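Look for chain A in each of the two complexes below; its partner is chain B in the first and chain C in the second.
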Partner chain A sequence: MTDTLSIRRVSASPDAYIPISALRSGGPTYAKLVDIGACIGCKGCEVACKEWNDLGVEPTANFGSYQSHRDLSPKTWLLMRFNEVEVDGNLNWLIKKDACLHCEEPGCLFACPAPGAIVQYTNGIVDFNQENCIGCQYCVTGCPFDIPRFDAATRKVSKCNMCVDRVEVGLEPACVKTCPTNAISWGSKRDMLALADQKVETLNARGYENAAVYNPAGVGGTHMMYVVPHGDRLGDYSLPSDPTASPAPMTALGFMKRMGAYLMGFGVLGTLVHFLRYGPERLEEHGGHGDGPAREVPSA
Partner chain B sequence: MASLAATFGRGAMTNHWKDIKNTDVILVMGANPAENHPCGFKWAVEARDHRGAKLLTIDPRFTRTSAVADRHMQIRPGSDIAVLGGLIRYALENDLHHADYVRAHTNATFVVGEEYGFADGLFAGFDEAAGNYDKTAWDYERGPDGYVRRDPALEHPRSVFQLLKQHYDRYTPDVVADVAGCSAEEFLRMAEIICSTGRADRVGTIMYAVGWTMHTVGSQIIRTAAILQLLLGNIGRPGGGINALRGHANVQGATDHAIVAGILPGYLKVPTPPQASLAAHLRDSTPRPLVADTVNYWGNYPKFYVSQMKAWFGGQATRDNDFAYHYLAKQDGDATWLSIWDKAHQGTLEGFVALGFNPLLAGPDVPRLLDAMSKLKWKVVIDPFMLDSAEFWKAPGMDPAQIDTEVLYLPSSHWIERDGSFTNSGRWAQWKEKAIDPPIGVRADTWILSELFWRVKELYQAEGGAWNDAIQHLTWDYLNPREPTMVELAKEINGYDRRTGRLLSSFGELADDGTTASGNWIYTGSFTEAGNQMQRRGTADPTGLGMHHDWAFSWPANRRVLYNRASADAEGRPWDPGRAGIAWNGREWIGDVPDYGRTTPPDAAGAFIMTEEGVARLFSSHLADGPFSEHYEPVESPSPNVMHDNVPINPVIRWYDGVRESLATGDDDFPYACTVYRVVEREHFVTSNVPYLVEAMPDFFVELPEGLAAEKGIPNGSQVRVWSKRGEVQGTAIVTKRIKPLRVNGKVVWTVGIPVHWGFVGLTQGSMANLLTPFVGDANTRCPEFKSFLVNVERA
Partner chain C sequence: MAERLLTRFTFFERILHWVVGVTFVLLLATGLAFAYPALFWLTALLGGGPSARALHPWVGMLFTAGMGAMLAVWFRDMFLSGTDRRWLRAIRHYATRDTAKVPPAGKYNAGQKMFFWVQGALAVVFVVSGAALWFPAAFGAAFLQWMRLAHYLATLGGGLFLIVHVYLGTVAYPGTARAMIDGTVTERWARHHHPRWHEEQTRP
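And now, the complex of A and B:
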């Protein structure tokens, strides 16, 4: 089981960055497949998520919708969104399970400046480690799906971790386990892609000509994918049609880090030269001694 | 349930949950299984995605079931019979009915007596003064042999088939559209799909729930659906049936064990005062065959009845004392829900014990119920949670100083805190284990009821009193008589041979001579010498149809599909070999446990063994309001009855005092149709104690169509007030596209929707939906009319 938790990427650590191609031979990569056409919006997954992850109750008030909360929050990692849309004169009640998509190219991780605050396991799960989170919220802006949420009280950001503690011991995530209509499937990414294709065929046969798999290439694909009955109306499901994220910030970070190291090296060298030339400084003249910059933080 | 028994002989879901995967067309009407039966609903999704079944919803609202359906049609609350009647006409008019099935397995061939007729909204035999029918006017015509005359050609003008055709001929697509508010085209598109199943190689199912039963014509709505399914040849077949979806995990079990007034466990009858002896009761309760070739299984009624009395009174029930017949209360009048509360309202009911439910929130016309409860001398509430019913004196607007009722609340353990069995919709009795211990001081219902029994018995012993013998002689011989175990009770229900103590394996072994005891004959076979059959968890499925005969126990006799003899033709060949229920192999029936003798040849008797006709009843004299169904408007309706304005509503409704005055009478003060329902996040009222579920659906709300909200200046999310002639509620407006305006009888009708889950006790408080509903019920069952009434609306 431990291989499922071998790390692929760690935030703010360029040396852990390995090209995707080099990782293909690793352990299994998992994926969750959400069949929107089979989802009845019962919120069983929403409650299971809260229970398993011990998120606690967030007081809610009906705001004119079946939707329980207006938005995701640090205590609500999974939210069923409800949207009434008329397509060709037919009413559709679009119900979407909104939660982290676990991108292959995770914009949150790329944007994160805190070492180890965000990790991506080789099994595909992108996990936040709040102990290392510095509360800068760069991940929030880095996410093309608007998923991570900042908790002002704890100054930490959180989101769905795909029940990594369950997956690690061979269980499916809590939302998958609880779904009564089998609208959420769980398995290897390859199997889920094959299943998704079958589901699209079924939808096509039922008259949904534009049914599609949502596994956007701009983020390298995702480990939570959707089967979308109206694939031509992604906006109605609040799904961006062309989300992107790239490891560029991390590459830049690596460059900056090296620059920082060089600068620090130059600093030490300069100090040595200064010492050799002028001798030791008297402490009472300065409160302490300065460090060279250990690292630079890239801008978002 | 009443109407299924009136049609088929048993009142239960004909098929079972997993069987829904075998269907070609699913009509969901009077139900919302995605929201109220989400786990079972997976089989509808399975059929849709893996069989290519069509999933259809017909409902006053576009529900979460509609969200995953192939097609939805909106109708006005209370127009179901018109729609279903239209489907019957469509099937007959277009020759889409399953003719061979109808001839073999229904009473289409039976000839009805000359007295029968239907004119201007009334069936023959109507007694206006009494407000009921003399049902002898609906009798069959007898031949010289004393049996019913039959016409296999179906041409006799008084054959059931011809009468049926004539009766439903009035339900044209235009009439359907006029009554229900859908368009005729929309209706015809639905009809085409639904009636495509009237062929041997296709089969369709109907899923319904309390959206049908909770009407003044509830039983007749279900009758109409049952007639349709019989015409299409869909009863008794895997993938078919008329499937009553039960709400709570054990509603079927509770019904089987006599939760409904007027029955004893196993659907035996409560004796009545005119039945002065056991013989008289058995004579009235045991049906006699109407044709020569019927099994008429209810003919065994005396065996079931006497065995039940032996289970209850043991050695004290002897032939000499009519098997303790005189120890049972004789039901004088009507003990249905509405009648009980009417008595309380009249001040003639002294006390009330509410065990495991919340009557204040579960009944209609809450203002009347509050008044009724205030007139009780005492009230006992036994429940795991403190309930609104226990604290009715705290309801908004109540003045506790004016109420003298003594209320006792006994905390009881929750089902999660004890073992036992659940019987699901599909009649599968499944044993379950206790998951956690109850809190300290909290007792199981079995302890509470045993204590109650012993203390009453001791009081009787000390002081004597009326009917002492019945109390003293009741059998209570459990290992710990102060708290019987569930296993002891299950064995007693199953039944045993009183001479040897051997547990019986089939109700075929029951006798009427006092040698057998059985608490509930339909459960015989559930706990045998081979062990607790309800505890079995074998997953083998040799038929591939999801019957799973080694999983739990399905009453009766571990049969998975009721009336499965009708899944085969007259010669015993399955209509669809790919979905065979049972098949005759020349020597015996194979497949499901046959609803027929295992070695009885196919032509020996009719397929429906529980009717005295031997076949299913398209025409049935077993209901109070007609042998066929008829569209009557709800007692509060936004429209006149376009079919017969002189008889607008069900003519045999029972009216309680003061109720007529509490109804809106077609004036403009209450212009909107209203219906109440449940949502998936909540389960009745108990979930108001579950924080995560309260979070998922926090507040009482009112669903309003967009157009009506615009007209009334009600923005989405604002507070809105809704009132009927009986009470008012206030909640958050959900302005929606999912309810459209309907054109009913030339007039635009708006529908407003209200959920039932809120009260004044629990984590969140909200208006009680039943503040609005009328105190009137079904003409047969008195099941209250929760589903269609009139209201007005404004921004709060």
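And now, the complex of A and C:
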């Protein structure tokens, strides 16, 4: 466990795009598995998250849902979304445990311009370092899951940090610890994938033919995975079906930045070469187009 | 005997130029800092990362105001004429100092006029994309990603133009920069660079 906070990637740093897995010390890579089929909607995890991370209470109001708050916030890193959906004529709660999924390829980290504001540990956790955050919110635009939230008062962005301060001392995240139905499991990514397959089989046997594991490949897999009973209805769970860490405009931006650096460099060099070739223009008393009576003069 | 001086830019025009110039350099430096981690230290110009990010859009507002006024003050002088089109075709001779082959310019040559219009267009891209990036909560992630790309491309264009602008205005053509400092140029300079304007200015 000594290497759980070894760093894999740092935002706005030269190696941010280069997986340095070859240099890893072989420590565990963790994953949280959320079995939505086993969730009873008690929201104990929300409370545990608030308590452990000392996020405080945010007043809310009844807006016609069982859901506690409308949205995530800088002080609400975990929100159980109660999506009311009719399935085969019956009302279903397609619950989503809305919090950071800790992508293997984190779009937030790739989008971040502030060195060290976002780090990814070798254990898979993606964490925000608010002291380095400049408040630009580019992580919000880079996240395919709409997770980071900006605090206008502190001008910092925050999100679930997978209770990294618990994980580094060998404890499970607070939400895992508190879940009364063991709907949330914690362990190595490999073990959690195996457990997810078992849970899908169990759901299949119970008649949920479309049960599936949500571990989207577009972001290299995630370190919070879901088992969803209705795998054909990802949209109803508010889960994007094909999230990506490198959307077209960001890929183009990365390419253009590289080209742009050369262009601006050549621009400076070009003026220097031009100057060495042609030098400062000397104004002759005679000669040149600006002299002599032959030049065109518009009639006034 | 000291050479006669012609007034090229009024005090107000010079103020506008430097409002836009100083704000643009600050915006370019901090913008490049946000674009390139190796240049992140340039955020120090506006007080470090968080402060530079907070001030960048406000400096942008000042730039927008200056640029808007500049467009309003100068656009009448900047329409291309037939001579300007011939000038543009001869731009290679201008760049290689083969001035005999360059059609005589008025107060502004066609290159300066094109510079004006391209900078104006880039300013519109800066302001529109910058406004979106200033208030990201109001827009979708995909739209903002395109705005980041647009803002960067405008930065690249503006940066390249700035390099050429500063080069031509200073070391390449001695006697030019003072037009934006004390507002004057020598008559010899005017006759050489802007013969038609010189003619208008010195006509008895």
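By our rule, the second predicted complex is superposed on the first by the 234 of 300 C-alpha atoms of A that agree within 3 Å, B and C clash if a C-alpha of one lies under 4 Å from a C-alpha of the other, contacts with A are read in each partner's own complex, and residues count from 1 in each chain.
Going forward, a residue touches a chain if its C-beta (ideal position, glycine included) is under 8 Å from a C-beta of that chain, and two chains touch if they have at least 3 such contacts.
All values derive from a computational prediction rather than experimental measurement.
Asks: Could you look at A:Ala12 and tell me whether it touches chain B, chain C, both or neither (first, second, both, neither)?
Replies: After superposition on chain A, A:Ala12 lies in contact with chain C alone.
Asks: Mind working out whether A:Arg206 is in touch with chain B, chain C, both or neither, as first, second, both or neither?
Replies: Once the two structures are laid over each other on A, A:Arg206 reaches chain B alone.
Asks: Between chain B (first) and chain C (second), which does A:Ile40 come into contact with in this model arrangement: first, second, both, or neither?
Replies: first
Asks: In the superposed arrangement, which partner chain does A:Leu263 touch: chain B (first), chain C (second), both, or neither?
Replies: The answer is second: A:Leu263 touches chain C but not chain B.
Asks: If you stack the two complexes on chain A, which partner ends up touching A:Leu193: first (chain B), second (chain C), both, or neither?
Replies: neither
Asks: Touch check for A:Val87: first (chain B), second (chain C), both, or neither?
Replies: So A:Val87 meets neither chain B nor chain C here.
Asks: Is A:Ser68 touching anything from chain B or chain C once the two structures are fitted on A? First, second, both or neither.
Replies: So A:Ser68 only meets chain B here.
Asks: Tell me which touches more residues of chain A here: chain C or chain B.
Replies: Counted on chain A, the partner with more touching residues turns out to be C.
Asks: So, A:His274: does it touch chain B (first), chain C (second), both, or neither?
Replies: second
Asks: Spell out the part of chain A that touches chain B in their complex, as residue ranges.
Replies: Interface residues on the chain A side: 37-44, 46-47, 50-51, 57-66, 68, 84, 86, 91-93, 95, 180-183, 199, 202, 205-207.
Asks: Looking at the complex, which residues from chain A come into contact with chain C?
Replies: Within the complex, chain A touches chain C at residues 12-14, 113-115, 132-138, 140-144, 146, 150, 155, 247, 249-250, 252-253, 256-257, 260-261, 263-264, 267-268, 271, 274-275, 278, 280-281, 283, 285, 288-291, 295-298, 300.
Asks: Quick one: which bits of chain C touch chain A in the complex? Just the residue numbers, please.
Replies: That would be residues 33-38, 40, 43, 49-50, 52-54, 83, 95-97, 99-104, 106, 133, 136-137, 141-142, 144-146, 148-149, 152-153, 155-156, 159-160, 163-164, 167, 171-175, 188-189, 191-193, 195-196, 198-200, 203 of chain C.
Asks: Considering the complex alone, what residue numbers of chain B touch chain A?
Replies: So the residues of chain B in touch with chain A come to 34-35, 38-39, 41-42, 45-46, 48-49, 52, 62, 64-68, 70, 72, 679-681, 691-701, 715-718, 731-738.
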